[in-house]
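What follows is a short report on a single structure.
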Amino acid sequence: MNPVSPAAAARAAASATTPSAVIPRLDQPEALLEAMLLIRAYELRLSARSAQGGTPSTCTAVGQEAAAVGVVSVLTADDLILTNHRSAGHLLARGADPGRMMAEVLGRRDGYCKGKSGSLHISVRELGVVLTSTIVGGELSLATGVALSQTMLGRPGIVACFFGDGAAGEGIFHESLNLAAVWKLPILYVCENNEWQAFVHRRETMVGERIAARAAPYGIASATVDGNDVDAVRTAARAAIDSIRDSGEPFLLELLTYRLRGHFEPDDQAYVNAAELAAWQARDPIERLKARLLAGGGFTTGDLNGIDARVNARIDAAMAFAEASPWPDTSDLLTDIYA
Amino acid sequence: MTTITVYDAMAQALAEEMRRDARVLMFGEGVATKRAELLAEFGSTRVRNTPLAEGIIAGTAVGAAATGLRPVIDLLFAPFLCYAMDELVNSAGKLRYLSGGQFEFPLVAIAMTGAGWAVGSQHNHNVEAWFAHAPGLKVVMPSNAADFKGLLKSAVRDDNPVLFFVDIGLLYQPGEVPDGETLVPLGQAAIARPGQDVTLVSYAKTVPVCLQAADALAAEGIAAEVIDLRTIKPLDEAMVLASARRTGRVVVVHEASRTCGVGAEVAALVAEHAFDSLKAPVRRVTGPDAPPPASYPLEQAFVPGVDAIAEAVRALVRKLH
Amino acid sequence: MNPVSPAAAARAAASATTPSAVIPRLDQPEALLEAMLLIRAYELRLSARSAQGGTPSTCTAVGQEAAAVGVVSVLTADDLILTNHRSAGHLLARGADPGRMMAEVLGRRDGYCKGKSGSLHISVRELGVVLTSTIVGGELSLATGVALSQTMLGRPGIVACFFGDGAAGEGIFHESLNLAAVWKLPILYVCENNEWQAFVHRRETMVGERIAARAAPYGIASATVDGNDVDAVRTAARAAIDSIRDSGEPFLLELLTYRLRGHFEPDDQAYVNAAELAAWQARDPIERLKARLLAGGGFTTGDLNGIDARVNARIDAAMAFAEASPWPDTSDLLTDIYA
Amino acid sequence: MTTITVYDAMAQALAEEMRRDARVLMFGEGVATKRAELLAEFGSTRVRNTPLAEGIIAGTAVGAAATGLRPVIDLLFAPFLCYAMDELVNSAGKLRYLSGGQFEFPLVAIAMTGAGWAVGSQHNHNVEAWFAHAPGLKVVMPSNAADFKGLLKSAVRDDNPVLFFVDIGLLYQPGEVPDGETLVPLGQAAIARPGQDVTLVSYAKTVPVCLQAADALAAEGIAAEVIDLRTIKPLDEAMVLASARRTGRVVVVHEASRTCGVGAEVAALVAEHAFDSLKAPVRRVTGPDAPPPASYPLEQAFVPGVDAIAEAVRALVRKLH
């Protein structure tokens, strides 16, 4: 017999799961804006490139930058993140290198997943972004186990699980919430309700307007907030995390936002109601933050242009890095299957 | 004959069958958005979007099929079938039997799979063998526009649950489709190219690859017969075995992973029932036991290529010539 | 082209799905009691037999007879029923022949499913008991399709879907409710909350006490009622069905009851809290109905003994029929696979 | 050596591994109720009941395995795996690969299957081949108490997701189990009985049936070698092929349905890699492509019996003697 105490096991395993890369501090308005601009620029650059052909398409979250940055900015380095097919915002806000992300999207060797993932399931373990799944609902099924490890191995971080309004239609959403409630797992369920589920409007898929209403039967606390207002998102996410830490129980945060581009590039959005789209374009989270900073935040147009320029330079460099990255070797086809 | 893509061939099949039989309806995530022409012609009762929930999409189809409708469902990508296994396998496949024959399940479940879009193994995973291994189901996986149309129409008319797999790489391939009513019976393979030296057995996207390999081999004086299974279950054992007995050499080719795949079944059938005619080992040229990767060159490397097929044939022919 | 109108299709398909066997009228107290006694006697007879060995075991619903009889008694001949592994009550209340049911349990040729089902998935199409599944949640996944056929083919009946508190933990429960709400399907979801999920107490599996609370987020009306009071069940079920017919929308009825015997025979119930069991034994639905009939229903003990005797005679005859039924032929192994 | 049942052998394996490694935990529907001795020894944090929801049971195990725990889950009966396919196949099997090797998934998923309890095909359905066909998973299906113990312990120690199938018919079979630490490595078949005339390849409940058939054949002068695969994936191809090359005659036997089953894989391997040694066709004696029925005599008829196996062997030996 060689008994291992849970604490010792935790120490042993900790190195492998505690985020080890540099996680940026996003607590100043400028940093928040820069993160949102970086996400936007990253997604538009890839979209433009794929429109020309020859580059794999992506699911962009243009219009949802405040949701991603708002939540991720209030997480600590100990917290873990699970995300899905529409992950660029979560990853970049957490500090992922846009160059390695682009390399992954292009299927290159320097991608975070050696090119095997492509855009749809990018995990970056050293940043605590684990087990990304493009199966809608996949991350919801895994978050409970990740949170169970956190509690059983005595780790401090909570688990933030990002998913869409569509995912809340999968049965596994319900199973996940129920187990998290019964086992008191420290999970922040973050539903980015962007009104779309691929080519189907959310209203076609449910009676009622709020995903958050689904938390109550499980005894799970919830809140719904304007997801296009980064400050509102931060405040709500902080409160949610406090609730998780105080109660030891999960929380469901619903962020009301909108997918401004199509489901998957290219997408002509012919099926989208033009007035609805226009109304949400007028609520663009980046423009709103910019306006706020200009109005009372002590920023000038010049300041903002400066941030834009920095971001564009980073994206240029990232794309150059990605394009310079070699293709995987054919032998890589058979690696990483078994441990 | 008209030349249309596989996508359009399927659209024609669906429209024709819905016109013919008011009990046919179609639903799935985005079906009514993406198949706007069906929605326009048949209305929102018969062409429906659904919530994002494969289990209930499939279960609803199974329940509806047992009670008078003939649903066609689109489950998008084959890995998403993982959320619908109970409904397809435990209900559609077994409840006829378990009820002593009280119910029929005339339904078609469509799913896409295969390399071509560099989307990785949560979108691209060839799982047709799972459903061949499960009882009570039929499995179709065509290789060309005419068969897509003719088999989809037959699938809709069949009184059993049919899994209809669409190889992504073929979706926008054009092909000639006969004018007028086109029905291809389930369970009947086709000789895509006759030959007497070796039999290549394949289906879906690797059929054209086998045909290319056959071209290359012809130049070397090796006449390869190419059999397109078209239906995986019921498998046209008679045609496969007749060819194997004629040529004495068999190579099975598919993109799905090797272990317990359709190629295993074909090889086992040949080794059992055409053994006396065999002049060489039965070879399989298949995708590896790996998850299909996203990266384009790796994804391509996953799929059996012309060279690998031709080389497998050469080895067999060399062996005993 | 050979266009078939939905109405014509309905006529064509109707013969195959409208219940064709005789469905008993259960509207008098005596008939209700007799149905409950028949179920009890049926289950106890099979349990006793399987305790001796050599007879397949069953999942009994002893203690839940009021739930089954109460709901089934207010259904019309047009309505359809889906049930599960604990189905004897629903089947017998609907008028299934206990002899053919026992033959099925014993795996004999005269069973309703030719012996292929055994006890766990007995369907009786001619009585409108369709698509019984022993996969927990199976019936919930199928009920929506059955109800879709009812509406699309213009049939009058609603669909009653019986399931347990455990089944409400499966994701498919959530998917089923949501689709039924969005598509306005005429489904009466009947949850027999019997406090047990095989060997797990319901309280270990959820926060809160009511399955019915899970209906609200989908905009589905619900009610919770004493499931051991057959009159209360009938009243609630009638109101629920009226609601379905008036609104064209589904309804969730939760019946609070208790599984007095084990999960699957034999089961020593060692894991059951004795006080809880005793409390529920004291609320036995059959004893309660008997007491009511004796107190104010104009029945004498002799009347009740007469019913008991009738029921026992029926069960004796049923068992004799089942035992006399031949085994299936080995060739039956390969029939009924494909249509 | 101590004689214990398969059930107790598994209980010992679980208790020993949980004692050895605090990261091992076990959960499932009724696990804490039914394994009261584990609950008593390891407490309610490490031995848990769950809600009735296979998807989240499996998903939780996968998420926990990737982040430091080593879960064992009991999914009860194999058909219930249909509710956990996404978690097992798309997550556990693929996320290591799709992440470029960032995660490991040391987990064991236990499920029962097979004839014996007359419960019908929604409880009894041998689907081990599905998981052999899916990438990234291991699949174990032992035939006797010692292997159940030794393989379950190895499965718990393995850093990959292991499907551990328990043939119901064996659960209360007694068998000798070595005293002290017992480890049986994954991926290693065993020669259950040596012989030189024919190779019977099998696993789980049909191994003892093959041994009985071998007894009967021995009386007729036919020496059958019986190979117990023990692990379905990775398959011990070397041992199977070596035996096939030695005997020149192979019969594969299992209870699962024939089409695309493990027997197809074994037959295909033999037909490809031991072809030159073959003296007769490769035969399969398997369950039919039907849902297992509940009725006892039908359920028995589903399972390959001694006579069918012996007759298959006789036909091969007759053929070329």
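Every chain is named by a letter (A, B, C and D) in the order it is written, and numbering of its residues begins at 1.
As a working rule, a contact is a pair of C-beta atoms (placed from the backbone, for glycine too) under 8 Å apart; a residue touches a chain by one contact, two chains touch by 3 or more.
Owing to the predicted nature of the structure, the values given are computational and were not obtained by experimental measurement.
S.K.: So which chain is farthest from chain C, going by the mean of the CA atoms in each chain?
M.R.: Between chain C and every other chain, the largest centroid distance is to A.
S.K.: Approximately how many whole Å separate the CA-defined centres of chain C and chain D?
M.R.: 36
S.K.: From the mean C-alpha coordinate of chain B to that of chain C, what's the distance rounded to whole Å?
M.R.: 40
S.K.: Hey, how far is the Cα centre of chain A from the one of chain C, in Å?
M.R.: Inter-chain centre distance comes to 45 Å.
S.K.: Which residues does chain B have that touch at least 2 chains other than itself?
M.R.: Counting only residues that touch two or more other chains, chain B contributes 50-51, 53, 55-56, 79, 82-83, 86, 90, 97-98, 120, 122, 135-136, 289-291, 293-294.
S.K.: Show the residues in chain A shared as contacts by 2 or more other chains, in ascending order.
M.R.: If we look for residues of chain A contacting two or more partner chains, we find 111, 114-117, 121, 133, 135, 137-138, 169-172, 175, 178, 182, 204-206, 337.
S.K.: Chain contact graph: line, ring, star, complete or other?
M.R.: It is complete, because no pair of chains fails to touch.
S.K.: Where on chain A is chain B touching in the complex?
M.R.: Touch list, chain A to chain B: 56, 107-108, 111, 114-121, 133-138, 166-167, 169-172, 197-200, 204-206, 271, 327-328, 330, 332-334, 337.
S.K.: Touching residues of chain C toward chain B in the complex: what are they?
M.R.: 1-6, 8-10, 13-14, 16-17, 80, 111-117, 121, 123, 125, 130-133, 135, 137-138, 140-150, 152-153, 171-172, 175-176, 178-179, 182-183, 335-339
S.K.: Inside the complex, what are the residues of chain D that reach chain B?
M.R.: For chain D paired with chain B, touching residues are 79, 81-83, 85-86, 89-90, 93-94, 97-98, 120-122, 125, 127, 129-130, 132-136, 233, 235, 256-257, 259-265, 267-268, 270-273, 275-276, 278, 280-284, 289-291, 293-294.
S.K.: Any idea which chain B residues touch chain C in the complex?
M.R.: Listed in rising order, the residues are 19-23, 25, 45, 48, 50-51, 53, 55-56, 58-69, 71, 86-87, 90-91, 95-106, 135-136, 138, 159-160.
S.K.: Mind pulling up the chain C residues that touch chain A in the complex?
M.R.: Those in contact with chain A are residues 169-175, 178, 181-182, 204-208, 213-214, 216-220.
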